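Before we start, here is the structure in question, set down as structure tokens.
Chains here go by letter, A, B, C, D, E, F, G, H, I and J, matching the order in which they are written, and residues are numbered from 1 within each.
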Amino acid sequence: MSSNVLSSRMHTGLTFDQIANSIGKDEVWVAAAFYGQAKFSSDELKNVSEILGISVDESLSVLGDHWWPNRGIGPMPPTDPVIYRLYEGVLVYGHAIKAVIHEKFGDGIMSLIDCKVKVAKKPDPKGDRVLLTFEYASFLLEFH
Amino acid sequence: MSSNVLSSRMHTGLTFDQIANSIGKDEVWVAAAFYGQAKFSSDELKNVSEILGISVDESLSVLGDHWWPNRGIGPMPPTDPVIYRLYEGVLVYGHAIKAVIHEKFGDGIMSLIDCKVKVAKKPDPKGDRVLLTFEYASFLLEFH
Amino acid sequence: MSSNVLSSRMHTGLTFDQIANSIGKDEVWVAAAFYGQAKFSSDELKNVSEILGISVDESLSVLGDHWWPNRGIGPMPPTDPVIYRLYEGVLVYGHAIKAVIHEKFGDGIMSLIDCKVKVAKKPDPKGDRVLLTFEYASFLLEFH
Amino acid sequence: MSSNVLSSRMHTGLTFDQIANSIGKDEVWVAAAFYGQAKFSSDELKNVSEILGISVDESLSVLGDHWWPNRGIGPMPPTDPVIYRLYEGVLVYGHAIKAVIHEKFGDGIMSLIDCKVKVAKKPDPKGDRVLLTFEYASFLLEFH
Amino acid sequence: MSSNVLSSRMHTGLTFDQIANSIGKDEVWVAAAFYGQAKFSSDELKNVSEILGISVDESLSVLGDHWWPNRGIGPMPPTDPVIYRLYEGVLVYGHAIKAVIHEKFGDGIMSLIDCKVKVAKKPDPKGDRVLLTFEYASFLLEFH
Amino acid sequence: MSSNVLSSRMHTGLTFDQIANSIGKDEVWVAAAFYGQAKFSSDELKNVSEILGISVDESLSVLGDHWWPNRGIGPMPPTDPVIYRLYEGVLVYGHAIKAVIHEKFGDGIMSLIDCKVKVAKKPDPKGDRVLLTFEYASFLLEFH
Amino acid sequence: MSSNVLSSRMHTGLTFDQIANSIGKDEVWVAAAFYGQAKFSSDELKNVSEILGISVDESLSVLGDHWWPNRGIGPMPPTDPVIYRLYEGVLVYGHAIKAVIHEKFGDGIMSLIDCKVKVAKKPDPKGDRVLLTFEYASFLLEFH
Amino acid sequence: MSSNVLSSRMHTGLTFDQIANSIGKDEVWVAAAFYGQAKFSSDELKNVSEILGISVDESLSVLGDHWWPNRGIGPMPPTDPVIYRLYEGVLVYGHAIKAVIHEKFGDGIMSLIDCKVKVAKKPDPKGDRVLLTFEYASFLLEFH
Amino acid sequence: MSSNVLSSRMHTGLTFDQIANSIGKDEVWVAAAFYGQAKFSSDELKNVSEILGISVDESLSVLGDHWWPNRGIGPMPPTDPVIYRLYEGVLVYGHAIKAVIHEKFGDGIMSLIDCKVKVAKKPDPKGDRVLLTFEYASFLLEFH
Amino acid sequence: MSSNVLSSRMHTGLTFDQIANSIGKDEVWVAAAFYGQAKFSSDELKNVSEILGISVDESLSVLGDHWWPNRGIGPMPPTDPVIYRLYEGVLVYGHAIKAVIHEKFGDGIMSLIDCKVKVAKKPDPKGDRVLLTFEYASFLLEFH
């Protein structure tokens, strides 16, 4: 989606979660769609355009049935400290997580396409905590 | 830790969780320590050495009070498909997660050092799912 | 697997296909296992060791139940001309293949873990042709 | 071809295969041409322009007899998950495929220029499968 | 902030410190905000716009409540000699600094988000010296 | 210096500061010398060898009058989180620091060779803070 | 081939051309084989071993029927000035050569596998010249 | 030269060789000049402008006496298959060519500046062949 | 400085040395300033603008008192053959030059900021030679 | 040359210049040869071996008539501060030097192979200066 759409959301003051609720989708999925990493259906696109006060026709011509997301954005390694902390989790704990996954699930892999991502605020007396969850489908390697 | 230690664990057949329980630590933390990404205390090191049937003296001389982990291992982008799926989550959802975190927590950052990582198996009729959780402390930028 | 195992196969003169048939697996999968990209079960490992005339004990201690492949080998972009031709296929036809896959399968992805790879010789009067096939499971993105 | 041409196709709703049939070419080849990775002849260009309702003159001036494709697009390693799965196939199975090709064809190479690429949908009770095929001419190294 | 804002500051002739004093913030923090590495509050933004003689409305629409800094700018390794000297300090003294930090603070990390950065001029008979200070909060790794 | 020397220090339990005091040098400079980033004089080398209980002859033959440090170690960007925080300070605040330095010192540069680096613990009721200081000589560009 | 083989050639004082003549092959091809970029047949390997005074058995076990060259060596861009001049020819004249090839041969490619490479000395009153020749088979893209 | 000039040549239908003949220069040199890798003299520029029907004044102002080529274009490694075949020749045969050059010319280097590059079509019953020739001046290292 | 300024110099036909003489600066320093690698004082800027026939006001607004050079331009390794020869000098002779500098000056470094660079033509019967000189201030590492 | 040779020189205490004088060569050239960047003749090798007290036979077998330097060492960009200052000279002044060279010598290049490199100490009341000189042969591009 264009920066045009990102700034429209800012002016409405709507959160990703509020938009997600009004179209029956997930909060992170909607945020991903705003950054061009997921694809609205035609109906969702109409709803979102209406909510943001953007012309439906223009949105449809660009993000309609025939457009497919070209996923993966920004420089790697990330330079933004917030995104770097996510990346650093892979750098530091990647082998440990892989070892535990193999121990529990065997020689396979998890799917990023059948994966739900959630960000929640967990209250804590010492200060709120960020709770980030990836829930992946798992698959065993079967090659025969 | 040396590949010597990794293979010792294989021969005992002990899971990371069983070792973690016997020293009162977390499963992923123990797996991280086996890959040199975390540091056992002297007492933990004695316990683990005993459990794996390795000489305590040798372990202590290498991994004792004066050793500090040099964290971050393996090539980036990862070539192993399991670790790549973790990395791809940052690539595809990084900006969306950042946007949602800022929306919920303001202009700050989460800490990777005060962060608990868990891998769980979530039963599902269509096939078990991998549930990966990062729970970070959050901080607001205060620079005055 | 070690170069020790690779050279043992050379001395027996057995093809990957002959080894694959004797353990009921696929030709490319067996070649992948010889390069450390796939994991034999304990039984398969015993059979292969016997066929190659290698000690079962040593193989098991290294490649037994607790070992998991760390996949992805060699420099990228590849420098070997044969592997480069595979890579170049992605470079030149990647966007076209993605466009056709989305057209036929919607907004999803194919799985590399549930994927069968085959290399066949196709006779042709102008010279034999290499027929390389990837057969992937497909998934629709469902994130709700 | 310009994004102008890509969006024109979207509005007609024509598939790559339908366009390919009307000019007697291959589906993936046509998709490649739309991404600037292959070259239409003058006649094909006239036909395609007509089908898409684009001015022939403009197309010809840009993509006429004197233009040659500058092939190879997008970042490597790919960041889009679909294209990454193609790349990952080279990363994980590259050495295995090379080993099997040498075993069957000797010390040579396959040609990417004399290579047919196809994407087909293979019905399967557990879910449709993506069947991707590369059929290369093979050559022995003869250097004398 | 746009180069528009950077040049406005040049014409006023105000130092970063003077601007910082008038909004009750830190000198380096203000310089960082001018390069898009920190976020003014709405009130600060109004003050700064006034000081620089820029329209408040325009600034607010771009840098208002909904904008979050995407931090990390410029090529790495830096090519500018001044920034390279900072980078070279990490390259040459990084391991030594890490070793002393671990010796004094244990197995933990310092926070870049709770970190004050200062640049001062220290008079010296042989020539003024640049005094650059980072004051970080420290955290022990607690993972249990 | 070799890992041999690093482990010798561990067994003595001496801090970098204690070694620095006994040879009249700076704490960070001594830590740097242990990582091969600085050069002991012959006399210093004798003292350090004695303190660590290492043969003077061997040390002198390797680190004597004719050896010069080949500075700059480890991968960049750093993968270790502690060293990364130093690097991130350059990434996020580099342009701001450069702007303030030019504002205060004119068109010049600071010297990394005439630079004192210090790491101190600053007590704070909310938790100790890491105080990292670089004190550089400054130079104006004079090119005439 | 091992550095063992390279030094054996040095002691015999034989040129690549002399070895090439005695086995009926090309000079550059033989040099390539000495650097592991081409594959001797079993008979050629016996002849070369004899000429260099190396044990045939050892050579055969390493470089016999089952070994395939893993081509492509050394860092890129090359650091050696001689190899860099070859690389620079591609950098500076690559687009020009491509343009002329397309002009003369149409939309196709040349084959590196069916390619003869020669290095000759061309006498010249101002100083001998290096004459480097690549003679490639050409192919038209035919994808239908 | 601008793409403006490249498209002008396309409309005239003139080959690089025809342009080269009319100004008394070499075919590859002219192609290189069209890609900004070589410099026309003022007289040549006038002739070429006339041939292509472009304004002499505009050309002269941009490409006149004071302009010097900034050579070296496009990404490396090349992604276009034709240019990659040139690059691959360096990758695969670079060490062999260097070894033969040293054998024939001693410890020196060839010059890329005093180097003639030619592309010719060599008829062959099995299909025309591309004959690419680099003729370099050679120099011995003399450093005394 | 903008390409606008570079082309203005071309039309005057003035050499860098002539401009340098008229403002009392060094030839290479002036060339560096034209590429944005050095900073004119306000007075110099007025003189240069007058000489080139450019508006003083515009120059001053862009390159006046508040602008600081962001040094370091172009890709590395350089692709232009002339700049590459400079770079290659570092690649090939870097360690040798470092060894001789340490031998003559001890454990220190030379300053790039207090460094005079000159390019001269040295007549030679075999052809003029390029004489490139760097004259650096030297500093001993003093860290105590 | 091996580190064996480098340490032998250290024990003799001979400078590069003293060795250079005894074999009638240049100081930097000799330092380059010690780092494997230049080639001694057989006679020079005998002399140097004698001076350093190393066996002539061993030296000759490794560095004799058939060995050619594989030039270009160490990582780029350099991490050592001394070598980085050389590199930074190219980064900062490269375009300026190129512009002055073209102004004085036309469209050509300088040769690194016919190039004399010197390092001298230039006394100066404010502190000795490092005088680094490259004297290159120059060539005009002649391509016809």
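Assume a contact is a pair of C-beta atoms (placed from the backbone, for glycine too) under 8 Å apart; a residue touches a chain by one contact, two chains touch by 3 or more.
Here the structure is a predicted model, which is why all the values come from computation and not from measurement.
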For chain F and chain H, chains touching each = I, J
Select the chain at the greatest separation from chain H, using centres from the mean of Cα atoms.
-> B
Looking at D-H and E-F, which one has the bigger number of contacting C-beta pairs?
-> E-F
Using CA atom averages as chain centres, what separation in Å is found between chain F and chain G?
-> 48
Between chain A and chain D, the Cα-mean centres are separated in Å by 30
For chain E and chain G, what's the span in angstrom between their mean Cα positions?
-> 55
Cα-centroid distance, chain F relative to chain I, in whole angstrom | 31
Enumerate the residues of chain I that touch no fewer than two other chains.
-> 28, 69, 71-73, 76-81, 84, 88, 91-92, 98-99, 102, 109, 111-113, 115, 117, 139
Interchain pairs in contact, sorted by label | A-B, A-C, A-D, A-E, A-F, B-C, B-D, B-E, B-F, C-D, C-G, C-H, D-G, D-H, E-F, E-I, E-J, F-I, F-J, G-H, G-I, G-J, H-I, H-J, I-J
For chain A, which residues are in contact with chain B within the complex?
-> 15-16, 27-28, 31-32, 34-35, 37, 71-74, 76-78, 80-83, 85-105, 109-112, 115, 117, 119, 121-122, 124, 126-139
List of chain D residues in touch with chain H within their complex = 61, 64-67, 69-73, 76, 112-113
Within their complex, chain I touches chain H through residues 7, 9-11, 13, 78-81, 84
Would you tell me which residues of chain H are touching chain J in their complex?
-> 24-26, 28-29, 38-39, 68-69, 98-99, 102, 107-109, 111-117, 139-144
Across the complex, what residues on chain E touch chain J?
-> 77, 79, 81, 84, 88, 91-92
